[in-house]
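Both complexes below contain chain A, partnered by chain B and then by chain C.
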Partner chain A sequence: MTSFCPVIILAAMLVLIPAIAAPAPEKPLFAEEYELKAAYIFNFTKFVTWPSTAFKDESAPIKICIPRNRMLEYAFSALTQKSSQKRRIEISGYENTKDSGNCHLLFFDEPLDSSIVAKVLMSVRNSPILTIGVSRDFVTQGGIIRFVTTDGRLTFEINPEAARRAGLEISSKMLSLAKIVRDVP
Partner chain B sequence: MFAHFPPRSPLLSLISVSCLVWGFAALLLILGPPGEVRAEIRQTLPVNQLADFSLEELMQIQVYSVSKQPENIFTAAAAIYVISADDIRQSGVTSLPEALRLAPGVHVARMDGNKWAISIRGFAGRFSNKLLVLQDGRTIYNPMFSGVYWSAQEVMLEDIEQIEVIRGPGATLWGANAVNGVINITTKHAKNSQGGLITASGGTWERAATGIRYGTRSGENGYIRAYGKFFYRDSLPPPAESPNLEGYWNDWRGGFHGDWALNSQNNVTLQGDYYESRTGIAQTRGGNLLVRWNSTFSDTSNLSLQLWYDRNSLKNRVDPDTHHHEARDTGDLELQHTFALGDLQTIVWGSGFRLTSDLLNSDASVNPAFLPGSKTDLLFSVFLQDKVILIPEILHLILGSRLEHNDMTGWECQPTARLLWTPHKQHTLWSAVTRAVRTPSRAETTISARVGFIPPETEIRLVGNSRLPSEKMIAYEAGYRYQPLTSLSVDLALFYNQYDTLIGLVEGTPHVGASSSFVPISVNADSTAIGRGGELSMDWHPLHWLNLALTYSFLDLSVSFSASPPQNRIIMNADTSPRHQFSFRSTLSLPKNVTCTFWLRYVDSLPGPGVPDYVTFDARVGWKPLPNLELSLVGQNLLEQKHMEFGPDMFNNPSTETRRSMHGKVSWSF
Partner chain C sequence: MNFLQNRFHNLPLKRKLLLSFMVTSSTALALACIIFMINNYLTRHRDLLNEAIALADTLANNSTAAITFNDQKAAGELLKALKAHPHIDMAALYSLDGTEIALYVRPGTKGLPTPAVSYHTQNSDYKNIHVYRPIILDAEQIGMIYLRYNLSTLTSRQLQFLLLILTILLLESGLTFVIASRLMKYISEPVQKLVSVARDISLRQNYNIRAEQFGTDEIGILAESFNVMLVTIQERDRQLVLHHEQLEHQVTVRTHELATTNTTLKNEITERIKAEQARNLMEEELLKSRKLESIGILAGGIAHDFNNILTSVVGFISLTRNQTKDNVKIQEYLSNAEKGCFRAKNLTRQLLTFSRGGKPVRMTTSLEPIIQEAISISMAGSNVLCNLELPERGLYQVHIDAGQIFQVLNNLLINARQAMPDGGSVTVRADNISIGEDTVIPISPGDYVIVVIEDNGNGIPQQDIHRIFDPYFTTKPMGSGLGLATSYTIIKNHGGLISVTSELGSGAVFTLYLPVARIRHASETPVFESAPVAKNVTNKECKRVLIMDDDQMIRDLAADMLATLGHSVSLACDGNGVISMYREAKEAGEPYDVIIMDLTIPGGMGGAEAISKLLKYDNSACVIVSSGYANEPVMADYRSYGFRGAMPKPYTLDELEALLQSIGTL
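And now, the complex of A and B:
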């Protein structure tokens, strides 16, 4: 081996060490995907009006149901400190989508078999549940909101007709920020 | 033979120390309380801060990319790794074979400027006959010597969407010869390669390369791109014993790729390439044309029909006045249909029809000769695979089989059974039992060649065997994937491969005649082998600007000859694979649009050809002064002046040593 080798290693370390020690380069704001989704979902609860029959009483919490997954639960757990529309936020992890009955908001994350998603969407079709998903055909299958990642940023689609069927009112401000998707005839 | 490290201990201890450190850090992350450790290293915004943002503000936030492996890979019931377009760009590699080093468990050994021995899970050779390689659905595995002519295969690297590397058999879905692995190269949809791109590079051994691509709309609902590429890769200095070896590679190629949406359900792809390459003693030219029609009936039902034609011709100088000529035409038609059967089953079935015809030298006075000189083979196959949900979202069973008929060995049955268990979103466990076959090559069945001479007048003659059965393998595999954090994923795969009727050479008894005498070497299939080992890969993205990829693979392959005497028998490529391979790659996105990649690799010794183990190091610095301009400088094999990566090929052409090299590149898009 020539004397070139230690030089290279030294150079590599010289680059690596300051790179790790140095503050992050100037950048757009970053967030982990699950945490960003949790923040979005918290925000949505401020713009959606549930029928009063959806709650037991004035102080009943908004129940957000998410799949049982450590990463998701960790991200969403921070929301329980917050309140929206004067209601506390309650997070509930579901094992399978059968126990979705008393949720106000039901979040589906990948990868669920699309046939299962379709079935659950069908079963909660006329209940006041804000359904949020990520799969390609989520809103055309009857889901209300779908997260879309474009150019490394998270945006969302809304199917207003599905929201109307569920008896939910979505503020025009939120609708104006979304891509509107209609039912497939 | 293996656990023996050469006297390079300072470097190796550095490596082991850094491994220990990274391993320890990783362990801390897995075991430690997630809140505290993550908070220290994460530079993303926490949820309680994000929750106070408005929707408009949230829409401006960059998603921290999760694991690099696509989501569906995490729950695949096979050992799959996907090399992304970013990986290829950031690694600084200049050719397709070199890009394959990015995947775990792939042994890439450079033989000279235009030849590589590429293999998975053993049997490495210039023609690694148990590895199937496809590009955009077209097989580039050549039945002549059972392997890939890498010097005829090159692509515009910038147009690669991904390279999917499957370790282990994929015979049910991909057909014969997908025994030890499948490499599936996919180029971008024409929509994702719009506009112009010009690249130019030059360096010490990568003398000059340039590529141009332009993509535009075609009609209302279509996109098309065309490209042209030229490169000249210099000969590495030949070994002392064969100073006339010419290992350069001079290549130009061009092609197009168009995608059209006929309506919301039907899509058509049309693509083609033409190339001419000159590599030392060989001249290759060829082209292909492919059309694919894809119809989506519903979310769960999809049909695709694909037709392609490929031609290649090769002229290879055997000695100063004899040439080996080879031309091959292949036509292939394939149908594949996926649909849901009830709520619990997804069926994939398909059928394929392939006609391949060649033209070779049949004149016995020219060496080598093939009898017959022209042969047409028909391949027909049907397959069916069913994925059954045993427990929704948790337990899946995959059963399938392919039934294939070829003109050499008749019917071949290649079944698979796979069990996929996803007890939790962060964990996937899978296991599989698969049978796969490798069909004998054109050369093994029909060659007649003088391979040596014993003075005064005895020839050594290699004679093909037209009654060879196919090589068979039963593979037992298991794997585990774990994603404890969005930024960390670990993938472990283990295998136990049982090979039967392996094709090899047997030295026969000398034949002494009145006019001539010779020693025959015949091709036989009476050996067995056991291959076992595993691969571990880890992707860690601790900071949004730092990415670490670590891979390790282990292989133990032993061949046994069932017939005696063993000393007269040889199985090609049985001892040409490293026992241990290790790779560690870190990619840094620094301020001012600078990215750096450091890549350290260790490859164990190859016992057969007696190639010593080596450690090598590549580095790349890329800078984007403008959004559409990238300048990069790459150093390859920086640790040593030169090292050997492989031994001689089956024709006894020696390998040359790979050298330390530098090259620079400019990419301009418009």
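And now, the complex of A and C:
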């Protein structure tokens, strides 16, 4: 009995794992761009330090809030497997920006109206929330990081003052990679 | 290695010390420098490594964002900052999958290999340190950084160090040489001096040299010990020499003692041999003299008795002749008988002389005239030449009976003459000699006059030479055999010696030794009395004569003879008779004119005793001694006994008459 028992278990595992895992969402179009952004965002969490008051406790996860979007959700789903700064990553989709109260990272995608973005940004300007956007004036509107595609390569801009206002520390290493943008007076 | 060891062993002490100093100090210093250098290198290397690691880590940390966001440009910029580090030749950043994100190569550096990414550690060769560090972000490796650190500074620094060390070594060697040379004086100089002193001593064997003492260190102690040793050696040498001298002295003394002992021994042996010879001679002499003495006693006894007999025979012949003067024939017979008797008388006289020797009537005299007379008489008319050799200073005086000595010399000379019937020469040599204690001649030591009579005749055969002094030993057809025997006795009675040596064919040598007179003075001239009786005296008067003799025949003969001569005769048979008769006659007023007394009366008072008593009574008594012992001492020296005359038996009538006639003059 003992001689074939592990073989049976291994075979069972091979058969069962795909069945147990959550049903992987179908990969949508332009997913690669979102995946890249998701990776960047995950990496941002590594270079940004939140104030301790931002977390309930030591093991509280970093909550990344993204707009409810099938492609984004798909792209960010991989991050839930990871952890950053010893904290799990939690992805949360939001319908509107009112839900952003307990987020640590708030990502704005393009389709949003800039006035809405500005409004949200204003509402979270003094909260320890890393705001990331893609719109042209995102950073000048009070956002902290903005994705920019230059020469086909994804880069980002950072507004350190906005980060300071939010009580966040952004690593100089990351800053050195970004284009620093100041608040518009 | 052995060669070097040998070289080192044979180096002089100074060089050895210098070399030791220099090698030791240089080695120590070199070792210290090398250790320091290695330590410095290792420390520096570690520091550099740490520096490189730190730099790599810093870079890694700084590049996390660039890696994370795959910002090659930023990464490249980051690496370009290494320009400020001139020792970094190369740097590279890799992503986790090994993709090179950025590469930095120092401008001007060529031919560097593209580093492999598989290393997760660091290594180094002598030129470079290769550092591989992981790039970690949030406890997760996100990439790898590679740095190549150039060690050229370290190497050049090490070379500088080496140069510095060499310079220091050189300086140190020089300094050591100078200092050691100075310091070594304190070690090598005393040792060298000690060595030279030791060499001096061993070469010259002079132990008086002393080593100089420089201090109280080991060398000082060595020098002191050396000096003490020298003193000990000197003392030992001195002792040795002393012992040697003592030994030599002892040897000399012992040798001398031995030589002395040896000489003494030799002398003793010589003396013993001499004594032995002397003893043998003495024994021989004693034997000879005993033999001759016993023969002499026998001969003397016979001669005495024979003389008595002869006295009567001669006497009666005289009487017969007196009575038969007319008969010529009888006279002739009697005369022949008388001649025979005289020959017999001569014989007995010779016998008596030999037997008793006759006490010599001695006087101190010189031998010279006696010798000369004996020569002239014995050699008269012979064809033998006689040489007389006398000492220039003359001979010592001798105390001798001149007649007896003359007889001896005469005997010997006649013998010599007879030994040379065909002529030849006789040498008579007389001299004074001194006989010492060590003489082998059987004679008492003292001064002697020696007379040597040497002929060149036939000599005496060896077998005869011991017998020639024996009585009746003769080789001559007509010899009596008494001549040499008598001579022997005479010389012996004189306290002298007669000896003979001879070789057959070359003659014989007779030697006489006569003791020198104790008081040698020439006052007494030698007197040779040829006849004791004076003959030219005539006193023909009647005399009263008393005859004393134990022999009846002699008494009768004397009585007849005196009667014939016209004297009155009384007879006595011993001394007592004589004394009483003389007293009676004296008292009667008719004293005896002459008393003729026999000297020896067996069993009665003899002449010698009788005369002393008689002379006490009347010292004017005229007494004549008569004896058959013609050589009796009394007969020779009758005057000292008180006799007026001596008449040897036998005597003839004429002789008796002549004596009586001479009485008046006596």
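Just so it is clear, the second predicted complex is superposed on the first by the 154 of 185 C-alpha atoms of A that agree within 3 Å, B and C clash if a C-alpha of one lies under 4 Å from a C-alpha of the other, contacts with A are read in each partner's own complex, and residues count from 1 in each chain.
As a working rule, a contact is a pair of C-beta atoms (placed from the backbone, for glycine too) under 8 Å apart; a residue touches a chain by one contact, two chains touch by 3 or more.
Quantities reported herein were computed from a predicted structural model and do not represent experimental measurements.
Looking at the shared chain after the overlay, A:Gly152 reaches chain B, while chain C stays out of its contact range. Once the two complexes are laid over each other on the shared chain, residue contacts for A:Met174 go to chain B and to chain C alike. In the superposition on chain A, A:Ala38 makes contact with chain B only, not with chain C.
Comparing chain B with chain C, the partner in contact with more residues of chain A is B. Of the two partner chains placed around the shared chain by superposition, chain C is the only one that A:Gln85 touches, whereas chain B remains out of contact. When both complexes are overlaid on chain A, the residue A:Tyr74 reaches chain B alone and has no touch with chain C.
Comparing the two interfaces of chain A, the one with chain B and the one with chain C have residues 40, 43, 47, 155, 173-174, 177 in common. On chain B, the positions that touch chain A within their shared complex are 8, 11, 14, 34, 42-48, 50-51, 53-56, 58-66, 71-72, 75, 299-300, 340, 343, 389, 392-393, 424-426, 485-487, 543-546, 586, 588-592, 596, 598, 617, 619, 638-641, 660. Residues 61-66, 68-69, 71, 74, 137-139 of chain C touch chain A in their complex.
On the chain A side of its complex with chain B, the touching residues are 1-2, 4-5, 8-9, 12, 15-16, 19-20, 24-36, 38-40, 42-43, 47, 67-72, 74-76, 78-79, 81-82, 96, 109-116, 118-119, 137, 141, 149, 152-155, 173-174, 177.
Taken together, the chain A residues at the contact with chain C in this complex read 40, 43, 46-47, 84-86, 155, 171, 173-174, 176-177.
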